[in-house]
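Same chain, two partners: chain A is paired with chain B first, then with chain C.
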Partner chain A sequence: MEKIKLMSLYTDFRKDMSYIEKELERSVQSSSPIVRQASLHLLKAGGKRIRPIFVIMAAQFGTYSLENAAKIAVSLELIHMASLVHDDVIDDSDMRRGLETVKAKWNNRVAMYAGDFIFSRALTSIGNIEKAPVHQILAETMLEICKGEIIQIDFQQQTDQDLRDYLKRIKRKTALLLSSSCELGALSADADSQTVRKLKRYGYFTGMAFQIVDDILDITSTDAELGKPAGSDLLNGHITLPVLYIKDDEQFKPYMKRAFTGVMEESDRQAMLRYIRQSGAIEKAQHVSDLYLIKALKELESLPNGKSKKALTQIADFIGQRKY
Partner chain B sequence: MEKIKLMSLYTDFRKDMSYIEKELERSVQSSSPIVRQASLHLLKAGGKRIRPIFVIMAAQFGTYSLENAAKIAVSLELIHMASLVHDDVIDDSDMRRGLETVKAKWNNRVAMYAGDFIFSRALTSIGNIEKAPVHQILAETMLEICKGEIIQIDFQQQTDQDLRDYLKRIKRKTALLLSSSCELGALSADADSQTVRKLKRYGYFTGMAFQIVDDILDITSTDAELGKPAGSDLLNGHITLPVLYIKDDEQFKPYMKRAFTGVMEESDRQAMLRYIRQSGAIEKAQHVSDLYLIKALKELESLPNGKSKKALTQIADFIGQRKY
Partner chain C sequence: METKGFTDQVDNYIHHLRRAIYQPVVERDVGHAPIDRRKASLLLLPLLNGEQWTDEMQTAALAIGAIHTAFDVHDQIDIVDASSKEQQLMVLAGDHFSGIHYKLLASIPNFHLIRSLSSAIGRVNECKTTLLQAPPTTVEERLQLIAEVESACIVKFFESFGFSRYVHIVETVFPFVWLLDSRRHDLNRMKFPHLVPSTHETQDWIDQLQQQLNDRLENSFYLHTEVIAELQKMTNQ
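Moving on to the complex of A and B:
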């Protein structure tokens, strides 16, 4: 299969996406210099803008209004950004996407309030949308994301967890927000309820796959590709899907124990990563991701053909083979 | 003047307030044991529930519905609670209202996510209110509160600030949320726009007075009365109104310098507090608070008489003479 570049999928929606990018920048303007700088730093660090693109594409299945869709897209991307800043404080992470994190470049308190600030901006962005379900869905989504972050604490370094625990966790961490992106995009354009439901499920399934692949890449990629040390999840005590398949392996246990201390000799970390890579755990995790992607594509089948359906299909394919 | 007990003001609204109390408890239920415990701990720590009572009373000036008013009251009280948890992380505070803070009893990460969680619950509570202005006002209020917290960082330990800087800060820290409590309470009951405006201004003025008195009490009260060390504001680098009046006093400067290190000998702290108390700064600050309360009472004048107007008047009086 030809390698897909995510950005090429955005071609048809380039104008809309650049409008959203400007709105994102506008939305984090602040009279406090520190916050403005911290927020812009975050924004420039980029990311794939998958939430906005999902909103835009889902909205194509109804009566599309860029202005309405953009409000929702900005809101969802900001919620995502806010949760990243807070995660970095919790995980004590210094690097993300190859750039210093806010908490490293400034400090924890700036990161905390920058997160709160961006969170609030997310609400302002949809403040004047006159649809109660939109507010309700967003509030529920934020609530579940928070619950997820908290449950992540409960589960840290806990080795007696199973596939169900993991799937519940990544649902809250990633899939829900992608699912809501599709749902709210479609809702904002008054798409019919069947279509809304299908897009919501598409978002959920691709979200699950996306996070599994993310967790795989944390083990299979180089530090340079990740922009942070490979194996960070384990060093932070997070047990992801590949590790779930190998955590009871007697030879692996001592690695895990050392990883949980949060610091590891460079050679030890590399040996641990090699051990996981050759264990077959990666392939098992990849398989689960593939199953989700099949489900995602199935949801699209009965939707009307067009640029948007094509792009959503390609995104699912992209997730299946992404290397970054 | 007879000493007013705040709780006695609530007599006429006791049933409504206990309904809100139950809703508050219900709203912080969570499947995560840590979060449930942390949130309940916060809730039990209490506070004066001034935001809910303002909502209830303001709603009396329209077509009162306890159910609607309660949603807004819960939302505003939760936003207040969430900002307290995050403040405690920032200020590294171990005690609040005589109880251990969440960050002390658990840790910073629990406090951070408990704050985020409560924040999200606040949104869920008003999620199904079908009035766009309510969402807009709440979003704006949260935004301004965040900005305030951030500006507080910019101003920490900065001695070249004036009355205007201080007033702007306490507006965001306290007055806005009280102002929005009155505004949203009245709006939720479809009060006429003149009434909404007057109540909003009443909430703003009492809020300004409330925070000034709070800042005075941080200096004039005992540790036992405060449930935390007196002078904490200065130890955390926050320059409040009384200190603003004395900060350029040559004999006071060395105290302030030592306070800004965050640790002070017990006898030194007591001497500093005595020095401020006898300087006349407290009386000057009290005078500013009194001016705000006069403005607050003026807003009430033209509103229809009744239990609610009487109680709002008494609250303003209470703030003027409160000792805790």
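Moving on to the complex of A and C:
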């Protein structure tokens, strides 16, 4: 139901998104049947396509060309997909979006090669945009995302983290790519520098909120809704915002210690999730997300009215209320 | 050019490549990234042979070195279990090196090379997947795929900068040294050790490729004798 609701915000851009979907599928065609199957496997599993839609919407604030915007949109979605394929190797995850992961269906090495293949296709797509800043921004973004993941591994199971550490981590993990989606979309359409800056900041703030909500949902959703076990972040040793708020609670500490082993009795996992849900930590995290969304909406205020501004506003509202 | 000059130039390149791909956490927990000296030497073949070498070529060569290092690190990911911190960081180290390759190309900026290299990177990963999961039955086809895996990016680099006449050399040397490594049982250094042919077949192919390389070197009038000597040293049985 929620998925339909997000897609309904894309209504005005349905034709453009359909074109991008076809381009995504075309991009991962391969002469190797296994690479093709592995790449299409994740693509067909769907996803919110929030990066492509941000590119399309941001490009509307300049001289819009679907062809140019699509090259960037496809590239960003493929980079996101490639990182997911590799993340599943790192997290030893067997399920994503309710489907077997590439590493589970084949093996770790195929997942590495499929991820690298998808990454190459991302560069093929954006390589057709002959604007140096576009490439420099994207390259920096990719390196920062990677740095964020390296730091996340380095911080695994470390309980002496603070809010600042968490915010820096989710900035790199999610906000930067959404921020770059808006920035590159606007740049591809030669929007003026003020508009580019506002859209970039909008993408950053919504990205921060998006990840905080994602981290909340990892605790509040059911396994079926997530397509993987709830509480996976903690089981993988990652301290998210709700957990940050109760990590020093004496009654919670034993749960966290057991979660860090990666294996918990089912009843113990459920008890841990209930404990977090009832602690007030979820509400505190939601409040931080709301603050980011207010900032995001503020960036849109001075932009010209139109279907794109309206949809960006609705997406920010949706992120605050999303349930999956 | 003297051998000392070759060594210095390759050392200098590796030093710059190490600096370009440096990542403190990876360096601390996983150690130095593997940089294949042989591959670096073949990439630098035009420079070692005295061709004009611009700053743009140097940056592009570093980009190729970064992507080669990414490939090599990702080839070391355990097929079944990559859950240790070291393996997790190696996955990300490879992604970091890939990102560095793109950043270097974007800094030039060379759009043509971004496009042609991306197609080569795609092809390399297709070939590696085929060799891993569904290898061809004949040794000839396998060697052809191995040659592509090792040389595809270098070939694009040569073609981009007008060094196409060096392509046939690298395309012959790579499968040749793969076979030599297999004969020396240098399995740690090797990619796809499971595809090594029988001892008898290996020797036949070594002889055949040796002949092919000798013919090519003989016909490469533009190669300095010192460069030929270096290549012969690299492929010395």
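The rule is short, and it goes like this: the second predicted complex is superposed on the first by the 320 of 324 C-alpha atoms of A that agree within 3 Å, B and C clash if a C-alpha of one lies under 4 Å from a C-alpha of the other, contacts with A are read in each partner's own complex, and residues count from 1 in each chain.
Here is the rule we go by: contacts are C-beta pairs under 8 Å (C-beta built on N, C-alpha and C of every residue); 3 or more make two chains touch, one makes a residue touch a chain.
What you see is a predicted model, and the numbers here were worked out from it, not measured in a lab.
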Chain A as common anchor, with chain B and chain C clashing or fitting: clash
Which of chain B and chain C A:Q278 touches, first, second, both or neither: neither
Which superposed partner A:D116 touches (first chain B, second chain C, both, neither): both
Touching partner for A:Q251 - first (chain B), second (chain C), both, neither: neither
Partner chain in contact with A:V35 - chain B first, chain C second, else both or neither: both
Shared chain A contacts, counted only where both chain B and chain C touch the same residue: 30-35, 83, 86, 89-90, 108-110, 112-114, 116-117, 119-121, 123-124, 127-128, 130, 132, 135-136, 138-140, 142-143, 146-147, 149-151, 153-154
Contact set on chain A toward chain C in their complex: 30-35, 38, 83, 86, 89-90, 92, 106-110, 112-114, 116-117, 119-124, 127-128, 130, 132, 135-136, 138-140, 142-143, 146-147, 149-151, 153-154, 156
Contacting residues of chain B [partner chain A, same complex]: 30-35, 83, 86, 89-90, 108-110, 112-114, 116-117, 119-121, 123-124, 126-130, 132, 135-136, 138-140, 142-143, 145-147, 149-151, 153-154
Chain C to chain A touching residues, read off their complex: 23, 25-26, 29, 70-71, 74-75, 77-83, 85, 88-89, 91-96, 98-100, 102-103, 105-107, 109, 111, 114-115, 117-119, 121-122, 125-130, 132-134
